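Two complexes, one shared chain (chain A), two partners (chain B, chain C).
Here is the complex of A and B:
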């Protein structure tokens, strides 16, 4: 287990370094200098050169990358070129916002998606399975931003049940917090409910066709117990998919936060892209990568706990 | 199949309960920001600075104009009025010295009385090239600021240049002597508390969410502002911005979607208005140094092939006043004869094309902006593409982000580029910036004409409106003759607000004016 953890840790570190390098290259390869954004359309060439010198943008690419990486490893993400604010502080302020929405959406997707998948797998020819099939197609087809706008229109503007956007932290009270994250989380979760339901249904149906299920039934085990054992065998691919989904949710939150006017990481990232705010952009994407890598590592570990075959292979 | 019957009722009840838990009664909704005497206004973009000498975005200028003020103000009707000065300046006979008498009842938000030393310090700071003020180039003709007595100050210019007074409201502000050294530039950029004379005192900036101000209780205009707190929210998404207004979460929004504007302003509880701007032009930078745009007849063929009236009425729902010259149709300096020279006329367009080096038409690239600013230029670009096809000119539309497109135009790398250009709304600005050499957008047209430059220099030295009208009229005739810059029209500024909001007026300069608004 220790060897596994150490191996995965170093592999993850390598991934992060590589992504950091690619990210660094991509941000600098794109057209448009941050100097033009900060200094305005009518800045002179001298002003732009001065700006680039002050912020080290005129130095060789690798030198810039190594300086940045060393600073990041020391916990210093630098200061935003555009706003002058501390990048680490900006990320620390926005991360809890995005995290609360993504976590809520993830829990909804897990509970509803896996629940529906199990029920549909247990009644493959029944009306519930048909409804599930239709719902899955719908869930996969509905764009999250469109669903968000529709929810705002009906739930916020027509019914006045929830605010149309914004974010209230947990410190403002649980009710206020849930009211602001409910619609964004549902919009974000719908696609993943469909994905997880479909995977759970397929995987559980496959497991229920296994020889050991027939044997267990012949031995007189109760149905809930049989389903429980089948579920343990059906879960690994679902967990892998859930881990991937958790990472992808941060990406989709980009659109959701824009639609619901939520001051989270994704909104900061979008602004950083349009304003060529390199350091903020790199900091946020680096964090997203780390979350993605950690989620996958977590999924591997959970699978090893659930599946003895994976433990013995390690 | 195992005989397993899960308790679906319980499962569904638990699921429904989880989903419905947040749906508490409306009265429990998250605290609304417009309760009490808080005025909440909404911007469509994310500001990057409050510093008055580094303002870039005309929507976001509401921030700087809340904290800082100037000697004179170019107001929401397009009239130059005294602000921190007692009256408009007296101008010397050679038009090179401007003398101001300051008000004696003005204090900064930190309690310090404002004097000419502060004015001199502010301008000296702006003009020092080392301080990298974004719009310093607009004021570099000021060679010296002289203190004449504690409330009288003189500005000496290297050459006559009247327009500088009109640029103060958008690009300058007065701050206390020594404050830049005391606080540093980042302070002015993101938390300028106490360093202005304006009606709002900076309170907090929550990145990507809102910026708030409290009432300046010692404001020199007694009785203003009428609110206790001003919240400026940032909501980039059109539909969300409108939803905030319709659910009474905010009081005033800027940049309502043009397509929905007429419907929204008649909705119950909502008021809306628009007015033409004097400086917001939908421009088509034509690079006269690149073929086929190097031919004047080809450029005039393009100008005459575009039906601006239809673009204004059908594409932008009346929120664009058609004009073919760089002057707003409702501006005092507009020359209708020059406009007629380039007006829509397909027969003339074909005749110009036949006279050009490219009688069989040509293919050109038109760069357009991906993200809408004031108007979505993609809509007009498609219409222009269809219209030019009628005279045999094939237009390839190329979409770029703003920061990329503007750099193309600055470097002259484009053929044609369509963009809404927001200027201070003064007669010379667009002509100077786009059509004279040595300016930031000179290469967007590549145009350099001695006759136009001479007329503009005369206009800079003139102060009488009648004579200015004659000079700008001549300039427009030169532009109509050479067609170095495509103009489609001038945009309207528009706002929507809740009916409980009083005394809100749409600003011809686009920036929301909130000092006199009652909640």
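Here is the complex of A and C:
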């Protein structure tokens, strides 16, 4: 078991190494070298050579990448060529904002999605199951950022229940914090509520058809206990999907932050793009990729640990 | 043809609804120049922000442009990106899957590890970052000028390819090992004849199912990237940029600006999702609920 976990972990690190290399190459594929961008169009060749030497840009490509990667793993994302600020500091300032929205949305998606899925699975063919089926199609089809815009229009502007945008950190009080992240988190969660509800429903229905459920019924076990046991068997694919969803939510959070004008990683990323700040861009995208790879790893491990068939197959 | 007749009988009404939506949207996109009542980029100050009515069915925006015409033209960008990305993803992914499954051994290992690597790239973040780095200008290949969307189509297509590679590989691996394929080989059939004639046809149904569902995701991705200003460039119409413009109207009364472009996206996505689910129920009823790619 331990060997399997370690193997998976190192495979993920290897993936991250190569994907990071592609990222590193692509961020340099744009028009204009970093030196040219920082020093301006009328910099002399000498000035550019000097700049490149100071920042190690004259080193071989692979060496630059590995130096950067080793620093990043040690928590040092470098100093921005453009603003002179510490990239790790910029990320540390913006990450909690994004993380807070994603975590809140993730909890909503888990609780509501799995809850709806269980209720729908208990009465297949019933009215609740039909409503769920319809809601799932809607939930999968409404773009999160549009939902956000509509929520601002009707909940914030019309009803004045919540502020239309902006962000209050947790230090400003829990109520203020929740007020600012409620609408972004709900917009972000809806798609994943639908995804998880559908998976829970399908998986639990399948489990409830199992022979052991019939045996348990025949032995006179109470209905809630039977559902509980069936649920234990139904959950692994749901948890697997939830772990994957967590990775994907970060990507959509970028768009949602734009809708609600929230100063998270999205703003940092778009600033990095508009100022051609390579190190900041690389740092943020690498962080997202690492989170995503870890979420995939988690999903994979959950599958293998919770499902004995896959454990032996590995 | 037999399959089609089966489809006609067995698909329930939601599948037909989906097919109808898809046909209408593709029709609108192709014939946008003839169907749209107004020029989508024609500015008309005296008609700015008029509410939906007889003259402008879905109203006009801040520059007096007709919302309905912009939505019809916006369908072009959306569907072109959604369908284009799926075609690129399918070509890359299916070839990779067939190659790995048929070749076996080291080629198999290497190909599928590359597929795993591509699958571990978060699509939206990379799309935003790479388009951001390359800039939103047109792409010129020789004398040919292609719009910015080409970058998005290519990128999203590449990142869709693992889905196709994996479904193709799973089926192809089974077929390659089957006795009748070995028999064909002994009959002297070439590699191409076996891969194209025997293996590929068996993989088609899961590929078609995934393709339909992925178009829906591609459409939302195009809208999202255009929404943050890195996709379709103004004044050209796109659903994402229309929603971005609509943010300026959130505090005044023009509800039609945020509502209609969003409805256009949702209805189109519902169409592809319903069609995809119906096709899956028909071809591949035991398969997983859905591959999560975004």
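Everything that follows uses one rule, which is that the second predicted complex is superposed on the first by the 260 of 314 C-alpha atoms of A that agree within 3 Å, B and C clash if a C-alpha of one lies under 4 Å from a C-alpha of the other, contacts with A are read in each partner's own complex, and residues count from 1 in each chain.
Just so it is clear, a residue touches a chain if its C-beta (ideal position, glycine included) is under 8 Å from a C-beta of that chain, and two chains touch if they have at least 3 such contacts.
Being a predicted model, the structure only gives us computed values, none of them experimental.
Of the two partner chains placed by the overlay, only chain C lies in contact with A:137; chain B stays clear of it.
In the superposition on chain A, contact of A:149 is made with both chain B and chain C. Looking at the shared chain after the overlay, A:26 reaches chain C, while chain B stays out of its contact range. In the superposition on chain A, A:224 makes contact with chain B only, not with chain C. Once the two complexes are overlaid on the shared chain, A:260 sits against chain B while remaining clear of chain C.
In the overlay built on the shared chain, the residue A:199 is in contact with chain C alone; chain B does not reach it. In the superposed pair of complexes, A:171 makes contact with neither chain B nor chain C. Chain A residues 31, 149, 152-153, 157, 164, 258-259 lie at the interface with chain B in one structure and with chain C in the other.
Across the interface of their complex, chain B is touched by residues 31-33, 36-44, 47, 50-51, 82-85, 90, 93-94, 108, 111-112, 115, 118-119, 122, 124, 149, 152-153, 156-157, 160-168, 172, 175-176, 178-182, 186, 208, 213, 217, 223-224, 226-227, 258-261, 263-264, 267-268, 271, 274-276 of chain A.
In the complex of the two chains, the chain C residues touching chain A come out as 14, 116-117, 119-126, 128-130, 132-135, 216, 220, 223-224, 227-228, 230, 243, 246-247, 250-251, 255, 258-259, 261-262, 265-267, 269-270, 273-274, 277, 289-290, 292, 294.
Chain B contributes residues 1-4, 6, 8, 11, 15, 18-19, 21-24, 26, 28-32, 46, 48-49, 54, 56, 132, 134-135, 137, 185-186, 189-190, 206-209, 233-237, 239-240, 243-244, 246-247, 249, 371, 401-404, 406-407, 410, 433, 439-441 to its touches with chain A in the complex.
Note for the complex: chain A touches chain C at residues 12, 15-16, 18-19, 23, 26-27, 29-31, 137-138, 140-143, 145-146, 149-150, 152-153, 157, 164, 195, 198-199, 202, 241, 244-245, 247-248, 250-252, 254-255, 258-259, 269-270, 272-273, 281, 284-285, 288-289, 291-293, 296.
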